[in-house]
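The two complexes that follow have subunit A in common; it is paired with subunit B in the first and with subunit C in the second.
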Partner chain A sequence: MIYEKYIRVLYLDLTTKKIRIENREDLYSYLGGVGVASKLLEENLKPELDPMDPQQPVIFAIGAASTIFPVVTKTVAMFWSPLTGELGESYAGGRMAMTLFLAGYDAIVITGSSDKPAYITISRNNVEFKDARALWGLSCDEVGRVVREREPGGGKRSIIRIGPAGENLVSYACVCVDTYRHFGRLGLGAVLGSKKLKAISIVGDRDLPIKNFKEYFKVYQELYNRVTDTSIMSKYHDAGTPINIEPLNAAGGLPTKNLKQSVFEHGDKISGETFAHKNLVRKMACTGCPVGCIHIGQFRREFDKGHEYEAVSVSYDYELLFALGSFLGIKSSDEILQLIEVVENLGLDAMSTGVVLGWATEALAKNLITQEQTLVPLAFGNTQAYITAIEYIACKKNEFYSILAQGADKASDVYGGKDFAMTFGKNEMPGYHTGYGSIIGPTVGARHSHLCNGGYSIDQSMKEFDKEKLVEKIFAEEKERCMLNSLIICLFARKVYDRETILAALNSIGYNLTNEDLTAIGERIYKTKLRIKNMMGYDSKNVRFPKRLFETPSMSGQLDEKVAYELLDMYNKKVEEMMAKEDA
Partner chain B sequence: MPKVLRAVGMNKCIGCFTCMLACAGVNHRNHSISKSAIRVRTSGGLQGKFVSVVCLACKDERACAEACPSGALEKRPGGGVILKKERCIGCRKCESACIVSAVHFDEDENKPIICKHCGVCAKFCPHECLEMEETTNDL
Partner chain C sequence: MKVYLEVGSFLNRYTSGQTSLEIDISGDKTATEVVLSAGVPEDEIGFIAVNGQKVDSDYILKENDIIRVYPLIVGG
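After this line comes the complex of A and B, so read on.
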């Protein structure tokens, strides 16, 4: 809690509908965010029970500097992932961090399961469990509208919710936050669905005087100027993250058609520039971020003869254009936006959905599965078939789609095609085939995300390939991001928030930290996460890479499977050394 | 020449709330956007437009000042009013008198939140939605 030496935790139990609040001094050394959430997950986890058991916890936490400094906008969720069967960790922007901050909580621990669909309202002086029976089955969009109209606090409120995919326990169902942001990855939506929790509305409006205005505001102003006046952040606002489609495609690093290719022949039709020209209508921001990277694209759909049109607006980003674009061979911006719309309404992770469908498309072509199972003729570029297939995944239409709803790794266990089921540690791949970093990064990353350590980015910045250097950089970045995610800085601003800046910011709000402290905090958090993975039965030695990674040339040329396994061993040794060491 | 705040470019607003955080911080030494004199909100959910609710700097006749029974709201040169806290009894009559709902109320302080037209929000707007406009002195 800002200005206090404790972390304020709200415990909610959906079975008993009881709440409890604790001010935890012992969590203070974990700063906040992923540090606090990891500790809370570790102590509330029931390793002997099933990942989806009602008793399993879901943790939400804001960071040590949430909202009060520019671009410090994220909330972390931690849980037991139904997709990978191990560490679930996901981040969302929007207004959630601000509302939790001003409702007066650093973290929420949700356990139990409601007997009937419920939603929760949280404010500074009340927590209520409410009836959501009529909301069960509604899309993310519709449930947001209903809660918005029923609950007070507009403008100081955040509404997070699940769609039908979460209710139906699709292993990669997402949680929608404030319409345009998401806890996208690793299936938090399914975990909330298993608890019969449809939505949470949080209102933040408490009085919170600034302690040391002069010092705080000096740092704030400096940061604001650096974020808005310099070029460090401008690419995120301009055409946004999709600007990366063009250079990655040109360099041969854009996964295309289930990674049968790393260059998309229609890349120019789905580039950031194309979206900006044809579809971009608006940009938005998370609370406290003057950058505004959220890009809203619009497309027009003719729903009947006689010039009957509807306009649909959805947010788009690089990873969505990859997963629901190049990876499925979709060659127009309008069609990608249509796929995003379906994924949004049903409440699915766009990345996993696209990559799972990439596998299914190839499996059908190779006769591992039949059209009697897929029901639609899945083929690269066939948008209509994909729209229907996405709907079938969300409702688990038949046995095949029930299995597909458990991810590409599970589907390839059942039907074969492991060599082209594009997952890292059972999490579907991100949009980078840049080199060994893009393989090792998400494989060793604690949550198997490209954002764990940015291995793909190291590929692009490293002048000459060096095994030792690559492994060292990934290891260092993994720990550094544990620290950044305890604040919780949006990783887009990681170049603005260097160590010196972080210390100035935290110390202006009453911390007394040194550079060494930050290093120790990062390592402490990483070790906690690794302990949790261990509790969940994860063993890094069992990891296998899909062969496709070594068949299709990457941006750094053809990759060698042996080298990849060698790098993995090198990384695992580093982890073992760290775990053997006492806490700093 | 006196200046007043004009929310001229709200179509460009990205909803970052930095204006509110800056106003609350500078004018009320508070982290809470509830203390801000300018309020940005959406009309009709996030898919709706961003609108700002802030003092329009009425000239000549100021309904809020007229409604005040204790003379706590003085005319500000160029438009709007200045709050004299020591004279305010917290009756909230100014709040209901303002037909654009730009007088917000601070429940903790039991005083209205009155825009001073200081320009801090405009300075911290990254998208040119807010600007300070020179105007004639109407007093």
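After this line comes the complex of A and C, so read on.
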């Protein structure tokens, strides 16, 4: 809590409907964000019970600098992932961090399960459990609309909610935050679904004066100017991350058609430039961010005969264009937006959904599964078939779709095709086939995301491939991001927030930290995450890479499976050394 | 000799909006030198392709080469 030496935690139990608030001084050394969330997850986890047991906790936390400084906009969620069976960690922007901050809570711990569908309203003086039976079954869009109409606080309110996929416990169901942002990855939507929790509305309307305003504002202004007046962030506002399609495709790093290819012959039809030219209608920003990187694209849909059309708006970014575009061979921006809209409304993670369908498409072509099971003729480029298949995943239409709803790794356990089930640690791959960094990074990353350590970015920056350097950089970045995510900075701005800037920012609001403290905090958090993974039964030595990674050339050329395993061993040794130090 | 430089939508902010430039060069010049001389900052260059093929930064240009400069891959 700003200006206090404690972390204010709101505990909610959906079974007993009990509420309590604790000011936790012992969590102060974890700063906030992922540091606090991982500690709360560790102490509330029930490793002896099933990951989806009602007693398992879901943690939300904001960071030590949330909304106080520019581009510090994220909320972290931590949970036991039903997709990977281990650490669940996901981030979302929107208004959630601002509302939690101004409602006076640093973190929320939710346990238990409601006997009937519920939603929770949170404000600084009140928490209520409310009946959501009438909302059960509604899409993310619809439930957002209803809660907006029913609950007060517009403008200072955040509404997070799940769609039918979460209700039906699809392992990669997401949580929609304020319509255009998401806790996308690792199945938080299913965990909330298992708790019968349809939505949370948070109102933050506290007035919080800044102390020592002169020092604070000096830091704020410097940061604001760097964000708005330099080119560091401008590409995120301009065409946004979809700009990646063009260089990745030209360099042979764009996963295409279930990574049978790393170059998409129709890449120019789904490029950032094409989207900007044909579909982009608006840009938005998370609260507290002057950049505005949320790109809203529009497509036209005929909703009735007689030339009756409506304009449909959805947000898009690079990962969605990869997963629901090149990975499925979709060659038009309009069709990708159609797929995004279906995924959004059903409340699925777009990345996992696209990669799972890529596996299913190839499995069908290889006769590992039949059309009697898929019910639709899945084929690269067939948008209509994919739309129907996504709907079938969300409702677990038959036994095949029930298994597909558990992810590509599970589906390949059952039907075969492990070599082309494109997952890292059971989490579906991100949109980078750039080199060894793009493989090792998400594999060793605590949550198996490209965002754990930016391995793909290290591939790009390394002039010459060097095993030691690559492993060291990934290891260092993993720890550094634990620290950054305790603030919680949007990682797009990580080049703005260098160590000097972070110290100036935090110390201007009452902290008294040194560079060494930041290093220690990063390592402390990483160790906590690794202990949690261990509690959940994860063993990094059991990891296997899909062979497809070594069959299709990457941006760095053909990759060697043996080298990848060697790099994995090298990384694991570093982790063992770090953990042994703690135990000594 | 003449070479041609193509600059994509983001990087053309450094070339006064021009996306296609015809450039006269004399002597041995690398693709990187031409890109930099057109105004694209080094820290914005992802990679350079010549005649559709990705090249090393020290690639020496030939008559009528078509250079394309790509931005860095961005993200979290």
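Just so it is clear, the second predicted complex is superposed on the first by the 580 of 584 C-alpha atoms of A that agree within 3 Å, B and C clash if a C-alpha of one lies under 4 Å from a C-alpha of the other, contacts with A are read in each partner's own complex, and residues count from 1 in each chain.
Here is the rule we use: contacts are C-beta pairs under 8 Å (C-beta built on N, C-alpha and C of every residue); 3 or more make two chains touch, one makes a residue touch a chain.
From a predicted model like this one, the values you see are computed outputs, not experimental measurements.
Of the two partner chains, subunit C is the only one touched by A:Y456; subunit B is not. Judged by the touch definition given at the top, the superposed model places A:L491 against subunit C, while subunit B stays out of reach. Once chain A of one complex is fitted onto chain A of the other, the partner contacts of A:N512 are absent, as it touches neither subunit B nor subunit C.
Within the superposed three-chain model, A:N542 lies out of touch with both subunit B and subunit C [touch as defined at top]. In the superposition on chain A, A:N367 contacts neither subunit B nor subunit C. In the superposed model, A:A251 lies in contact with subunit C only, and not with subunit B.
Measured by the number of subunit A residues touched, the leading partner among subunit B and subunit C is B. When the shared chain is aligned, subunit B comes close enough to touch A:G292, but subunit C does not.
Against subunit C, the residues of subunit A that register as touching in their complex are 231, 235-236, 238-239, 241, 243-244, 246-248, 250-253, 272-273, 276, 318, 432, 434, 450-451, 454, 456-457, 460, 490-492, 494. Looking at the complex, you find that subunit B touches subunit A at residues 14-18, 21, 25-26, 29-35, 39-42, 45-47, 108, 124, 126-127. Within the complex formed with subunit A, the residues of subunit C that make contact are 8-10, 41, 44, 46-47, 49, 54, 68, 70-76. Touching subunit B in their complex are the following residues of subunit A: 2, 67-68, 70, 98, 101-102, 144-145, 148, 154-156, 178-180, 204-210, 213, 216-217, 220, 224, 228, 283-292, 294, 313.
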